[in-house]
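Structures for review follow.
Presented sequentially are two complexes of subunit A, the first with subunit B as partner and the second with subunit C.
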Partner chain A sequence: MPVLSVKNLTVNFYTRDGIVNAVKDVSYDVDAGEVLAIVGESGSGKSVSSHALLDLIARPPGKIESGHAYFNDIDLLNCSKQQMRSIRGNKIAMIFQDPMTSLNPYMTIGSQLIEVLTTHSVVDKKTATLKAAHVLEEVGISDGLKRLKQYPHEFSGGMRQRVMIAMALLTEPELLIADEPTTALDVTIQAQIFELLHALRKRYNIAIIFITHDLAVVAQLADRVLVMKDGAIVEQGTTAEIFANTQHDYTKNLLAAIPNSQKPEQYRYQVPAHNNNSILEITKLTTRFPGLSSGLFQKKQYLNAVDNVDLSLKKGEILGLVGESGCGKSTLSKTIIQLIDSHEGSVKFEGEEITSLDSKHLKRLRKDLQIIFQDPYASLNPRMSVYDILLEPLKLHQAAPKDQLDQRIKELMREVGLSPSDIRKYPHEFSGGQRQRIAIARALAVAPKVIVADEPVSALDVTIQAQILDLFLQLVKRRGLSMIFVSHDLSVIRYLCDRTAVMSEGKIIEVDQTETVFNHPKNVYTQKLIAAIPTEIPHQSPA
Partner chain B sequence: MLKFIFFRMLQAIPVLLIVIAVTFILIRQAPGGPFDSEKAVSPYVLEKLNERYHLDDPLYQQFFDYLGNAVTGDFGPSFKYPTRSVSEMIFTGLPITFELAINAMVVALIIGISAGLIAALRPNTAQDYIPMSAAMIGICMPSFLMGPLLVLVFGIWLEWLPVSGWGYSAGDKILPSITLGATYAAYIARLSRGGMLEILSQDFIRTARAKGIPEHIILFKHALRGGLLPVVSFLGPAIAGLLSGSFVVETIFQIPGLGRFYVQAAFNRDYTMIMGTTIFFSVLIILFNLLSDIIAVMLNPRLSYGDKN
Partner chain C sequence: MTANQTLRADTIQGRSLWQDAITRLRKNHLAMAGLVILIIMVVVALLTPWIAPYSYEVQDLDLGASPPSAAHWLGTDTFGRDLLTRVMYGGRVSLAVGFIATTVALVIGVFWGAIAGYAGGRTDAFMMRLVDILYALPFMIFIILLMVVFGRSILLLFLAIGCVEWLTMARIVRGQVLSLRQQEFVEAAVAMGLSPLTIIIRHIIPNILGPIIVYVTLTIPSVMLLEAFLSFLGLGIQPPQSSWGLLISYGVETMEEYPWLLLYPGLVLSVTLFSLNFLGDGLRDALDPKTSKD
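So, the complex of A and B:
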């Protein structure tokens, strides 16, 4: 007897550009105590299909065209508002992707937890408070009673997700819908949350629908898997079946796109026969941010975001910079290319000190050192066409003769895999992966010697990520670039980088050949980090 | 918190000094003086008057004399009404202007927030367009047009309310308060609509729905506090604006408030009166801005007077 039985669910969105079929005729069951993973890339309908169950999609523009979802004989898609409210948060609970924004910043954790109990049952405040504190401790937040009085901003990201889980468990629901609950978290925190979910599921025999884009997560957590693409289910089966005997091409592509090996031999860094010069030499670099000021006349406190870092980048290599959020890897990469001022230490580019350059010399330096940012949605000016975006650096640095500008722009687009016929289009007309290609073309326009890529693929789907990573490999080889690649994703680093530097609390704690770092990590923190990578997937022979 | 207030007070000192200096120089650059009038005054009398009020001293000396007195709270005698001191005149007019401003603020808050909430609940429907169009008209219509229109309709045609005065007959405070508050109601309506729309689209509102919280509790408990933050930040400048901007309404409705003294002082080149009222209004503006910042911090737990985060 399944807890939830979804039949022929179809959801459309009526947008200005026409009807979007977000979910097409989706049917599935979830049994008690089972973890069902719904896997798919962005736009696959995986979130919409489960949000629709609890009436959480915006209507309009969304519309549930047809379908039933039986939960204890109640059809969730055709029940009264009253019934829906009594199920939401009570029998079916939900946790969301971003614990930073999913909790109300204006209310204490306590009042947010307690209101779940007071809404769904007749309970006095004291009992509710004790119960809330108890559940907080159960999800691993000690000193529950005291922490109930705190606001969400006083908790870290992982702690907030624990609070969300506590909130979901308060009423001992039969079904938990978890929508990408660990995507916004660091890998070590993710591992802890998985452990927690495992334990809770055992204790409460709760069924879990786990929505994710990450197949590695699925292998670790799910009993059954449902693969969605373009609003429809393309494949479903037990986890073992899906990994051992993949049927659908799309699932095969998804599996193949996960970086779980080293890059092909021809792209690896070749130690040059002659003297191997560093193109960038960083010594004792320190960047500070003002920290808490404690008193009127006390000395100002500083936080060392980058703390006494020594690092070198060899010509033609890809150096990985890996670490968890807040470790200073972004600050370091921006300090290196002089977007943030350093306080101590030196950065030498081709032997020349660049930390104290004036604006004129800095402009020349910008031509040689380029950066690519994480979010291709935010880092391109929405009011400039691709042509303008690429024209600007070319003109600014006089990188091409005037009569060849158009020609060069088209060449650049072709080089990064964009069609030159899209030259007049604006960023919003491109997909995420294409936008990141535009950002790459922009960086390449001035023929730089070094590219710093700050989490360039973490906003992208795994199949797109694989394409962009291969583009990086080709470009580095073809143009003889040197690259610093910043990422929190260890498997991406392992695939792409020749050497890897591990960062923690502003310091570089380990630098070595990538395979050495992964196979024989010396530092305890590195060991912990690598142990937290979701277990490797039984790999497919290449299709 | 005390530290925050202390630093804000420190910041206010240079601001006030600049205000005093600029006003001092500007009013003396304006043509005419306090003793010019249609009736010619003999040069001898004028000289004596100037001497009496130290207007023949060098400008910088006058400035520092004035500053010295002002620090001790002495704004000097009015040039036009020599028997009364500036402080005295300010405190005669202030209670009336203050009451008018508070009434107007209450009107503005009640109308503005309800209109904003109604509009935010169903964006881009008639329920949104009608109050927002009204708000647009409210912003566009100056009080010297709104006032007479209200007087015409409610005072003369319908004969429901008195057309002028303040506290002389029942209900004579209603029309001036509405006239003064209307523009601010319109701004507040737009601010609260925007604030609420933004909050209602946040993830944590979806979380609240997923918890099974009824819609009206989501609106009032989860959304209102954050949604009205823009309104709160606007309140400080708004009250200061109401106080100093009340002179038009005071003139239309014949109200003996501070605003009217201020305007008259400007026409009369009553140097000390202009200076006194300007300083007084500046202090009010600074105080109310401080106050609204403190309230905003109290409503938003993530802010903590700039000494955390």
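So, the complex of A and C:
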């Protein structure tokens, strides 16, 4: 008998622009001890479909139009608030995406865990404390009693997600809903969390609904898969079935979009005969930030975010820069394009030292060195239309004659795959992928020689990501650009980059041809990183 | 839909945020009504010396306080002066103080706050400590000092009020800028090679217009009342001249016997403030591209 049985769930959102059918007639079952993965891109309704069960969607504008969800003979969609409270967080627990924001920073881990226990069951504080410590150790946090007294900021991101899992397990739930629980985590931490979930499922026989956009994750963890698109289930089956015998076109697209190979031959960088062709030469670059504890009379403490880095970018190549969060890869890229001042070392662009330029020369340099940021929702001024966004760099650097400005803007839009008829729309009227195209067009407007791309696809859905990666390949080839591509996603790096530099704790620990780095990593850390990539999708037979 | 499309085709090029905002504002009837009322107020105030039915200072003590009549539409005050005339003349002072003092506060406050917030570090610390010091100074003493040093004039009074009111504006703006400065689009503007001043004007200020407009609509009534308070203390306007604030404060004293002396000046002030609020709300929505889809 299934733990949870959802029947004909339909959820609508009543917005100013009309009714949005977020979930359309969705039915599924989850058995005890089973991991069901709900896969889909942003806006597919994968989160709403499970949040609605626990009354966690905003109503209004949301409205559950119809459906039943039987959990132990209680219909979750038609039960009293009191019944819901006794189930939520008790019999059905949830883990959210971002462990940084889902714990209260002003309460110790202990009091937050104990609160869960005392709310849902009648236990005295001592029993609760012991139980909390025990569960912490279950999820791999040793010395539980001592760690209970610590505050969330004393834990790393992966540790906090473990605390969240511990919190979810405290009440021994029958169903765990995990909403993208590893999206905000590094790949090595992600692998650890998966192992933990696997082990816990076996031990407690919990059913898990795992919501994710990442098919590679699904392959590793799930028993059954449910693929959602535009609020409806387009395909479901066991994991093996889905990967071996994909039925629906959308699922095929999702699978095809995972970059699990090298880039096509035509885009590969050919080493020219001359050796001396680096366009950027970075030597002994160090960037420091003042540390936390520096009293009035204490010597100032510094944190070397970028530590003695040597790197060169060859003309026409894509250099990948990979590392886990906090390794300094963003700081390095911003230091290179002079958004952050360096402390020591030199950056030479076409042989010219650029770390000590005055503002006039720096402006000239900005034309040649451009950056594309991670989040296309934050990197575009919300009050400027596409026209204004693209006009600004063109005017500033006099990149086009006055009477041809409009012409140039339309050309740029076409080049990055946007329709010129959208010229006076504002950023919020575009999707995430389109916004990133605008950001790319803005960087291209001044015809730069080098582009630094700081995680430009990590905020995008996997099918959009594939399109943007191919756009990068085309642009680099057509315009003869050189590019530094920063990412935490190893498969993206492998697909796109000619050479790869691995960064850890501010240092570059390995630089080589991408294939060499992936197939024969020399450094221990690199080996660990590569081993942590979710296992490749079971191979599809060639069509 | 088709009308909308032709509009787009006609204006496809070079439309800025402000042009878009005006188009959107025109569709907001409440805001447009507010704007029209304000314009009428200003026009009447400007033309008052020529269109006022009586003189604001000539007293008719025999008449005394009389209720509204055909000769005196809004009645007369205790000295037998025509209330309509006095409200019209009072409007000149009140509207002027409202707009001039607020403009002074707006310009100084926005730039001071934006520069401090954007520059950060020591510049920020220095500029904001200066604001703190001025805050700590009792503003009455400050204004009295100004009056003593420069002599008493209405214009100086306006400037003095503006010089006090900008402090809060500077703090609000700085706070907003601090959070905006972290946004990637500002970093992108730096990477593009724009100068700090251009970044502040083109990228930062348009994004903090919402709170600025709200604060402005709050500041205008407060400076009008501040003027009445200063006048009451003998630092501002002196009778027989008048302002809305003064008329209202006299009206309060005689409220029980002659209610119209409070009612009409109060009504005019309220209508002005309502119009301002509607216009402010409309402007804020119009300046945010996200609020309207059409």
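Observations on the structure shown:
Convention: the second predicted complex is superposed on the first by the 532 of 543 C-alpha atoms of A that agree within 3 Å, B and C clash if a C-alpha of one lies under 4 Å from a C-alpha of the other, contacts with A are read in each partner's own complex, and residues count from 1 in each chain.
Quick note on the criterion: contacts are C-beta pairs under 8 Å (C-beta built on N, C-alpha and C of every residue); 3 or more make two chains touch, one makes a residue touch a chain.
If you're wondering where the values come from, they're calculated on a predicted model, not measured in any experiment.
In the model built by aligning both structures on subunit A, subunit B fits alongside subunit C without clashing. In the superposition on chain A, contact of A:T283 is made with neither subunit B nor subunit C. When the two complexes are overlaid on their common chain A, residue A:L339 makes contact with subunit C while staying clear of subunit B. Legend: residue contacts after superposition of the two complexes on their common chain; A:S385 is shown touching subunit C, with no touch to subunit B. By the touch criterion defined above, A:S5 reaches neither subunit B nor subunit C.
Contact with neither subunit B nor subunit C is seen for A:S27 once the two complexes are overlaid on the shared chain.
With both structures placed on the common chain, the touch criterion links A:P393 to subunit C but leaves subunit B unconnected. Of the two partner chains placed by superposition, only subunit B is touched by A:M107; subunit C is not. Judged by the touch definition given at the top, the superposed model places A:G89 against subunit B, while subunit C stays out of reach.
Put simply, if you stand at the Cα centre of subunit A and look at the Cα centres of subunit B and subunit C, the angle between them is 30 degrees to the nearest 10. For the three-chain overlay built from the shared chain A, the minimum Cα spacing from subunit B to subunit C equals 5 Å. Across the complex, subunit A is touched by residues 8, 11-17, 20, 183-185, 187-195, 202-203, 206-207, 287-290, 293 of subunit C.
Residue ranges on subunit B touching subunit A, taken from their complex, read 3, 202-204, 206-214, 217, 221-222, 225-226, 299-302, 307-309.
Taken together, the subunit A residues at the contact with subunit B in this complex read 54-56, 85-90, 93-94, 96, 98, 101-108, 115-116, 119-120, 151, 153, 164, 167, 292-293, 296. Remark: subunit A residues 16-17, 334, 337, 339, 359, 362-363, 365-367, 369-371, 373-375, 378-385, 387-388, 392-393, 396-397, 406, 423-424, 426, 428, 439, 442, 446 touch subunit C in the complex.
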